[in-house]
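Some structures are shown below for you to check.
Consider the two complexes below, in which chain A is the common component and chain B and chain C are the respective partners.
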Partner chain A sequence: MLSNTGNFLLLINIFLSSLIIYSSFKCLKIKNNIIFKNIYQISLMQSTLVLMCFFTLIAAFVVSDFSLITVYQNSHSLKPLFYKISGTWGNHEGSLLLWVIILTIFSFLFLIFNRNHPKNYRLYTLIIQNFLILGFLFFIIFNSNPFSLISPIPKEGLGLNPILQDPALAIHPPLLYVGFVGSSIYFSAAMASMISNYSGRLFAQSIKSWVLISWAFQTLGILVGSIWAYYELGWGGFWFWDPVENASLLPWFAMTALLHSLLVLEKRNTLYFWTIILCLMTFTLSVTGTFLVRSGILNSVHTFANDPSRGIYILIFLSLMIFASIYFLFSKYKPTNDLINSNSKETFVLINNWFMMFYLVTVLLGTLYPIFTDAISNNKISVGPPFYNSVIIPVVIVFLFFMAIGPQAKWIKNKFSNLRSTLLILGGAIIINFAIVYFLKSYSLISNLILISSLFLIMSSIFDFFKKSRLSFPRIVSHLSFGFLILFIGLNHNFSVEKDFNLKLGEAKKIDDYEFALLDLKLSQENNYKAVVGKLEVNNSNTMKRRILYPEIRIYDNPQTLTYEASIETNFLGDHYLTMSNIDRSEYYNIKFQHKPLMIWIWISVLLLSFGGFLSLFKNAKNN
Partner chain B sequence: MQKIIKSIIVFLFIFVLLVFYNSLNRETNYSTDYLVGNKLTNINLKSFDDNKIYTSEDIQKSRYTLINFWASWCAPCRIEHPYLMQLSKEKNLKILGVNFKDKKINASKFLNELGNPYYYMAKDTTGKQSVNFGIYGIPESILINNETIVLKKFVGPLNEQNLNDIKEIINSL
Partner chain C sequence: MLPKKVKKRASLLAILLFTSVIGIFLILNALNKNILYFNSPTDIKINQDIDFDKKIRVGGMVKKDTLKIKDQEIRFIITDFKNEINVSFKGTIPNLFAEGKGVVAEGKLQDKKFFVADRILAKHDENYMPPELKNIMKENAK
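Presenting the complex of A and B:
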């Protein structure tokens, strides 16, 4: 029943998308600036029906309708309701449906919120967006249908991967998809802009809000994924340069560059083609990321089952997108004579773009290089954190300085009138850095420079806040929080303590300033898993603080899986992080303890960074 | 000039997409299935007791060799041990035991307790040599013939079925 409803709704959506494309072409032939009313109506209907289709799938998960393969493979009748619902998008098929929802809703919203832009531009955007929607709908129906039936109907489902039963992970995909898939709308708009010759400042205004929405959500999505990895995977870090993490970072770099180049296009009417390239690049990178993750080329915690036919479909889709982009770009490209003064805000924005492209290329190379060596020379290699850290970190230092100075520059022609205050701030940053280093007794050249440059950015932003009008507030929030982010990462990295040792019940061990004792082990029976809970006492002889931490080893039934839950005590100064794992045929447990200073501030900084994006969005909406 | 740049861009994209296409059909989960049917070259294992090195020549002396990777700390190795003991009685087969990331004293204790099925005993204290055999966990066993061609690979502890398979192969001629 639910399967039929779902399939029926999917087919209707294919029909509606085709109808929108057809009506739009028809409407284009009429020479006036009015879009047919029925196009609005069909678009609204399309969004509503896609949502209904998604709710049908949610219903199937809620009532545990195991006649659907997707529900059977990813759910279980004993699973808590919340995770039954989040299981809807926690798998390949369901998440694709979420993709289509975002594609459709963004398409509809773009249509109604851009009434003051020319008809042709809006219609071409709609047409291209609907081609994307059609592509994904066909993909769903012919390859990854969440409503496929299984016979005979199994009595019980196979469960959801236990590490995915987590609130952070329930919201991680939707947030990330708004960012990822949201970028489709300015991909379509950029194509439409080239086709309808609608360029310049007005084009920039029409897509600015959409770039901001996707950027802010992408930032949040990355944040939530990172928090999840921190406390769920038990690795004790917040960024691992895992290829799939990188896949979400690549479009973020492109979006950030786009966000800045749009400013130039809006204010100075230059860099049009560069902005177009960034629009096209962002969504192309999003689809590339999806391809890499879903085709199974990359191995990671995102274990969507391997299925080469999926990969081939996305690859064909990706190729069509790329070659259509290239075709339009090459046929429409006109070399422009953008005269930009080397000392002006425009130049600083361009510098931001170069940095973003540098990061993008570095991460892209690091991610793709192993795939290429494997494909070409059969050589399996992996590119890990040392590569990224050594290439990216030194460049970040320079980047932060530019990020601090850039916003103070003036459009067209800048004069360095505030050199004295800049030097003063720099002096202040250096003094604070050495104070930190002196009190906390740790020294390395790079980390000093990181601290100085981030402090410089923070202080410049605060200085800006008191000097400038409220209008630049969103930018100040984002730049300030980025400064804080790098500062906290730097401090966290520099002053983290890590201890790795084995302990048995009743035993105590003293390592440097810490004393650890395994006081108790308890077996607890929860709803969908059993757990061995350790009670560990951690004494710090320096601060005379005594902590009790409760790490867990969880044994899930469906499917039978062992997971290690970290016990984390968080406060404003730092986290105490402890994981415990059993050692085969031994009464000892392996204990991994970490003290990570200022951890929570890293999360707060990213939250504020994204908040800056939302503020800017509201400001932009108010202005237009 | 512009045309050249444009062509380079197009070719670059085609190249990337082709590599992606090619990668689709590859097994990305680290798999060693490809080993079966291949010839093992570069066999170079240190003896467990002395400084002797076992090479392909040693293995070629026997009609069939089962290379078994084991350690005293590995619980499943205990489970498969009786099967290895049974196989050690086969006249067409010699077993080469590779002691994997283990301490010599523990390994000797293990064999004293459960018996020694190994005709040759080698060690791989760092676990690096075993990588050449496509080993990513123990126990694992590889059945090879006197041309050092891999006939079968067993991941995990050997069981009754594996035992019969091995017997069938080595007694087939």
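Presenting the complex of A and C:
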């Protein structure tokens, strides 16, 4: 029953999308500036129906309707309700439906919120967006239909992968999707802008809010995913340069570059084509990331069941998108007079863009390189964190300095009148850095430079805050929190302590300043898993602090899986992190203990970073 | 004399080109230094010119009854059923690490028979097998 409803709604959506494209073309033929009423109505109906379609799927998950393959493969009747619901988008088919929802709703919202822009531009955006919607709807129906039936109907589902049964991972996909699927709307708008010759300042204004929304959500999505990886995967880090993480980072770099070049387009009416390229690039990278993750070409922590036919479909779709983008770029390209003074805010924005492209290329090459070598030479290789660290960290230092100076530059022609205060701040940053190094006793050239440059950015931003009007407040928040982010990452990295060792029950061990004892092991039976809970005493002989931590090994039933559950004691100074695993069913337990200073501040910095985006969004909405 | 505008544009392009070339060079250079090659014990045996300073990955099965657990290290033998190699490892051991199961270890070769690992790759479910390993198993099955 639910399957029929779902399929029916999908088909109606295909019909509505086609209808929108058809009526938009018809409307374009009439020479006035009014969009047919029925286009609004159909668009609203389309959004409503796609939501209903999604609710149908949620309903199927909630009542555990195992006649649907997707529900059978990803749910279980004994699973808590919350995870039944979040399981809806925790799998390939359901997440594609979420994807279409965002495409559709953004399409509708863009239509109604841009009434003061010309009809042609709005209609072309709508048309292109609906082509994207159609593309994904066909993908869903022909290849990844969440409403496909299975017979005979199984009695029980296979269950959701336990590492996905987690609150952070329940909200992670929707946040991330608003980010990178949301970027589709300015992909469409950029195409429409080229087709309808609606360029320059006004175009920049029409997409600014959307870029801000997607950027802020993308940032949040990455944050939540990262927090999840930190406590759930049990490696104790927050970023692993895993292909999937990279896939979410690539569009983020493009968006960040776009966000900045959009300012130039808005204020100075130059860099139009570069901005268009960035718009197109962002969504293209989003689809590329999806292609890499879902096709199974890359291995990663995301265990989407792989299926090469999916890859081929997305690849064809991606090629069409890229081909269309390039075609329009070349046919519409006019050399413009983008003359920019070398000492001006424009230049600094371009410098930002240069860095973003550099990061983008680095991450892209690092992610794709193993695929190429495999295809060309059949050599199996992998590219790990050392590559990214050695390329990105030195460059970040220079980047932070530009990030601190750039915002103070003036448009058109700048004069550095505040050289003295800049030097003063730099001096302050260096002094603080050495104070930190002196008190905490750790030294490496790179980490010193990282601390100095991030402190420089932080202090410059604070300085700015007192000097400038409230207008640039959102920017200051984001720049400041980025400075803090790098600072905390630097401190965290430098002063982390990690100990790995093997213990038997009742055994104690002293390593450097720490003394560990495995006091107890308990078996506990929970709702949907069994757990071995360890009781570990950690004594720090330096601070005389005694901690008891309770790491777990969980054995989930459906599907049968072993997971770690890290025991983390968090406070404002740092985290104590401990995981335990049994070594091949012997009496030995492998313990990983970490002290990670200032961990919580890393999360808070990213939260503030994204908050700056939201602030800017409200400011922008207020102004228009 | 070229007009000032053209000059400016040319110098901008020159800077852009220059910095980009340097950037790409840095990236490729780092890439070359930091890629990890995947080897089976047989690969290591055959290979004549091994760079012992370079990190590599070794994959295969953990040979039965070879796991020895010590204070802060474990030792075991990785086998691809043709050749084998001794491994010593300090660090976090994934829950799914077990004798008779597949494993990928990352580290440096001390000599052709002894591998010092600093990372054992985490895997998420029992059915998962790294594609590299699958290929080895397939070849051996022939």
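In this text, the second predicted complex is superposed on the first by the 623 of 624 C-alpha atoms of A that agree within 3 Å, B and C clash if a C-alpha of one lies under 4 Å from a C-alpha of the other, contacts with A are read in each partner's own complex, and residues count from 1 in each chain.
Heads up, the rule we're going with is that a contact is a pair of C-beta atoms (placed from the backbone, for glycine too) under 8 Å apart; a residue touches a chain by one contact, two chains touch by 3 or more.
This one's a predicted model, so the numbers in the text were calculated from it and none came from an experiment.
Chemist: Aligned on chain A, chain B and chain C: do they clash or fit?
Modeler: Aligned through their shared chain, the two binders clash on chain A.
Chemist: Tell me the contact category for A:Leu202 with respect to chain B and chain C: first, second, both or neither.
Modeler: After superposition on chain A, A:Leu202 lies in contact with neither partner.
Chemist: Going by the contact rule set out at the top, does A:Phe372 touch chain B (first), chain C (second), both, or neither?
Modeler: A:Phe372: touches chain B, not chain C.
Chemist: After lining up the shared chain so the two structures overlap, which partner does A:Leu158 touch, if you call chain B first and chain C second: first, second, both or neither?
Modeler: neither
Chemist: Which of the two, chain B or chain C, is in touch with more residues of chain A?
Modeler: C
Chemist: Mind working out whether A:Leu315 is in touch with chain B, chain C, both or neither, as first, second, both or neither?
Modeler: A:Leu315: touches chain B, not chain C.
Chemist: May I ask you to decide whether A:Leu505 touches chain B, chain C, both, or neither, giving the answer as first, second, both or neither?
Modeler: Touch status of A:Leu505: no partner.
Chemist: Is A:Phe291 in contact with chain B, with chain C, with both, or with neither (first, second, both, neither)?
Modeler: first
Chemist: For A:Phe323 in the superposed arrangement: first (chain B), second (chain C), both or neither?
Modeler: First partner only.
Chemist: Could you tell me which stretches of chain A are touched by chain B in one complex and by chain C in the other?
Modeler: 299, 380, 584-585
Chemist: Can you list the chain C residues touching chain A in their complex?
Modeler: Counting only chain C, the residues touching chain A are 5, 8-9, 12, 16, 19, 23-24, 26-28, 30-31, 33-38, 57, 67, 69-72, 74, 90-99, 106, 122, 124-126, 128, 130-132, 135.
Chemist: Spell out the part of chain B that touches chain A in their complex, as residue ranges.
Modeler: 6, 9-10, 13, 16-17, 19-26, 28-30, 73-75
Chemist: Any idea which chain A residues touch chain C in the complex?
Modeler: Listed in rising order, the residues are 161, 163, 233-235, 299, 301, 303, 339-340, 342, 354, 358, 361-362, 365-366, 369-370, 373, 379-384, 386-387, 390-391, 395, 500-502, 509, 553, 559-564, 579, 581-586, 588, 590, 592.
Chemist: Within their complex, state which residues of chain A touch chain B.
Modeler: 291, 295-299, 306, 308, 311-312, 315, 318-319, 322-323, 326, 330, 368, 371-372, 374-376, 380, 584-585
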